[in-house]
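Before anything else, here is the set of structures, which you'll find just below.
Two complexes are shown next, each including chain A; its partner changes from chain B in the first to chain C in the second.
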Partner chain A sequence: MNPLELRGITKTYDGFTLGPIDLVVPRGYVMGLVGANGAGKTTLIKTSLGMVLPDAGTVAVVGHDRIGVVHDQPAYVADWTAVLVGRALAPFYPAWDQSRFDGLLAWAGIDPGKKVKELSRGMGMKLQLAVALSHGAELLILDEPTSGLDPLARSQLLDMVAEFMTEESHTVLFSTHITTDLEKVADYVTVIHEGRLLASTTRDELTEEWRMVHGAASELDAVRPLVRGLRQHARGWEGLMATPDTVALGRGTVIEQPTLEEIVVHLAKEPSHV
Partner chain B sequence: MGLDVVLSNTSGVPIYEQIKGQLKAAILRGDVAEGDLLPSIRGLARDLRVSVITTTRAYSDLAAEGFVTNVPGKGSYVLPRNAELVRERALGEIEDLFADGVRVGRLAGLTPAELRQVLDTLIESEEQS
Partner chain C sequence: MSDLAPMLRLDLHSLVAQRRMFLIFVVMSAAFAFAGGVTFSMPLLAAVGMMIGLSLFGTAETNKLTMLYGSLPVRRRTVMVSHYLVAAGMTTLAIVIGMLFAGVASVVRGESAEGLLMSGVAVVGALFVVLSFMIPLQVRFGAMTGSFVALAVTMVISGIVGFGLGQEALAGLLASLNAAGPWLVAGLVAVGLVGLAVSVLVSIRIYERQDH
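Now for the complex of A and B:
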């Protein structure tokens, strides 16, 4: 069984509708969840965790004691010390491993007597990660864990994700708007925009399906309806095209494999109709 | 046993191709022996900070080309080198490289004799080194 499956999920707030969304997070892999701020990533994650009740649809997810979660800000009592956070949470997890927690605090360089409110952003992330990795979680859900982090803390997080994934029953759902986090480590990528799912496939397929095209102005009219996120300038144009659509382009055109960032940015712009 | 895998993010060659190419070269050089176990798919993914799908693809390509056999639950074992297959592959690669040379030579107006002279010189200098 997959650790997380969403079927026909919809949720409407004032002026924002998520879904309908079907999403399968396959066991044993890292699924990246990308989209602009406000695309619905956090709503989707909160729905998965039962923190938000959907208007329609079903959530099938592993038991909550088997899920480790890292939010962009620690949701612990601000006056608790790091060691108290561990003590307070341990009873909720049958598989709590205190020595692992102590070891992770040491790895993170967190003084056990430091209060939650005194932790830097990077330390706050690492404290949550220490909790998430100390109770035998099989599903790790990361909600924008790297926003506001320095490059070293980001790299340390990616190290821990890589280590976590050496166990084949482990799964990660990694939501971020910093797509470079996912460029190497993600097996699958889901792109959402304005509450809708634009793509959910392996990262390799996603970057094979699309091409970043830089072309001369004279060639644009023939392909204009096929270009996503078109940007025209005085010397030519650029945009994202489905790979099969690029075969007819002339030799002067530069056709490149897109980065995840380019795919997300261009798919999020409206298709350009003539 | 020296089994290094060194990846470039900017070479334009897909990561799985780079992994496959370097493991293949290590097998052909004899850095890993017949029957040796390659690093696990997940362990290699962790070490190289790449996705599991990437290393899985490299290993299944190696298996499809007859360099390793993937035993579920155990790992990837190096198969005996098939001398004839290796020779055939090498010849194919050499033909491609020579074809490039011939084309460049023709563009520059070199005669066939001059081209052969270049090849002879290369072989001689390789033998001396």
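Now for the complex of A and C:
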């Protein structure tokens, strides 16, 4: 059984509708959930955790005692010390490993006596990760964990995710708008934009399915409907095209394998003229 | 309810932020009791007891603890039951501490401590009634807005009762209530407990339908 499956999820707020969304996070893999701010990533994650109640659809997820969660900011009492965070949360988890928690605090360089409100953003995220990794979780849900972190802290956090994935039954759902993070750790990528799922497949398939195309203005009319995120400029145009659609393009066109960021940006944006 | 024990511990840990308020409360209770006696300190005890009872909801809101609860293996109804138990327990504890000071102060001041226990129990019962009214508003509207709504409703009700009955009738009513003695106190506590039981069901219903 997969650790997380969403079927036909919809949720409507004033001015924003999520879904309908079907999403399967397969066991043993890292699923990256990528999209701009406000795309619906956090709502989707909260729906997965039962914190947001969907208008329609079903959520099948492993028990919360087997889920480690890292929110985009620590949801602990600001006056708690790091050691008190562990003491307050340990009773919820039968598999809580205090020595593991202490070890992770040491790895993160967090003084156990330091208060949550005194921690930097990076330290706060690492503290959450320490909790998430100390109770035998098999599903890790990370909501924008690297946003606002310096490169070193980001790298350390991604290393911890990679280490978590050395156990083959472990699974990660990792939301971010920083696509380079996903290029380092994600096996699957789900692209979400304005509440809709634009793509959900393996990272390699996604980058094989699309091509960045730079062409002359004279060729544009023939392919315009096939171009996603079309951008016109003085020398011609550029945009994203499905790989099979690029076969018939003329020799004057430059066809490249896109980065994950180019795919996300072009799938999401409307055509523009410069 | 195997998740109740860890949730209770979490709630008690959450009140760590209120420890300065507790300390101030202890000092003030002692000072008022020694300076003014039992009668003088009871209104203070009631006010502070209610503040302490409700402080957990303020702490949860300020620190966005609903996000934490949502990621823990704990049911929403357990969160509410635990909040109520801690709120009622802390209110009772606050009154007990205040009464101890008042008792010691009455001995030191050479005053009679007669009626102290009854007064304390009556205050606890009255505060349970207030909490059973206030907590669902806090759950529904948040700590700040909920307090304002409760204050507004209380003022409206007080105004209607005050103007509707008139000063003399109100004084007569209070006198007859006072004469009822232990039965009144027992009734007040019973109403308070029933109120909390109904209130927790209402709050669970509200909380289980909220997005966090």
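We adopt the following convention: the second predicted complex is superposed on the first by the 269 of 274 C-alpha atoms of A that agree within 3 Å, B and C clash if a C-alpha of one lies under 4 Å from a C-alpha of the other, contacts with A are read in each partner's own complex, and residues count from 1 in each chain.
To be clear about the criterion, a contact is a pair of C-beta atoms (placed from the backbone, for glycine too) under 8 Å apart; a residue touches a chain by one contact, two chains touch by 3 or more.
Bear in mind that the values here come from a model prediction, so they are computed numbers and not experimental data.
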**Prompt:** Is chain A touched at more residues by chain B or by chain C?
**Reply:** C
**Message:** Looking at A:V77, would you say it contacts chain B, chain C, both, or neither? Reply first, second, both or neither.
**Reply:** second
**Message:** Which partner chains sit in contact with A:V185 here, chain B, chain C, both or neither? Use first/second/both/neither.
**Reply:** first
**Asked** Okay, in this complex, where on chain A does chain C touch?
**Response** 46, 49-53, 63-65, 67, 69, 71, 73, 75-80, 84, 87-89, 91-93, 141
**Item:** chain B partner contacts - residues on chain A that touch it in the complex
**Value:** 28-30, 158-159, 162-163, 165-168, 184-188, 202-204
**Item:** chain B residues touching chain A - in the complex, by the definition given at the top
**Value:** 15, 40, 42-43, 45-46, 49-54, 57
**Fill in**
The residues of chain C that touch chain A in their complex are 3, 5-6, 9-10, 13-14, 16-17, 59, 62-68, 70-74, 209-212
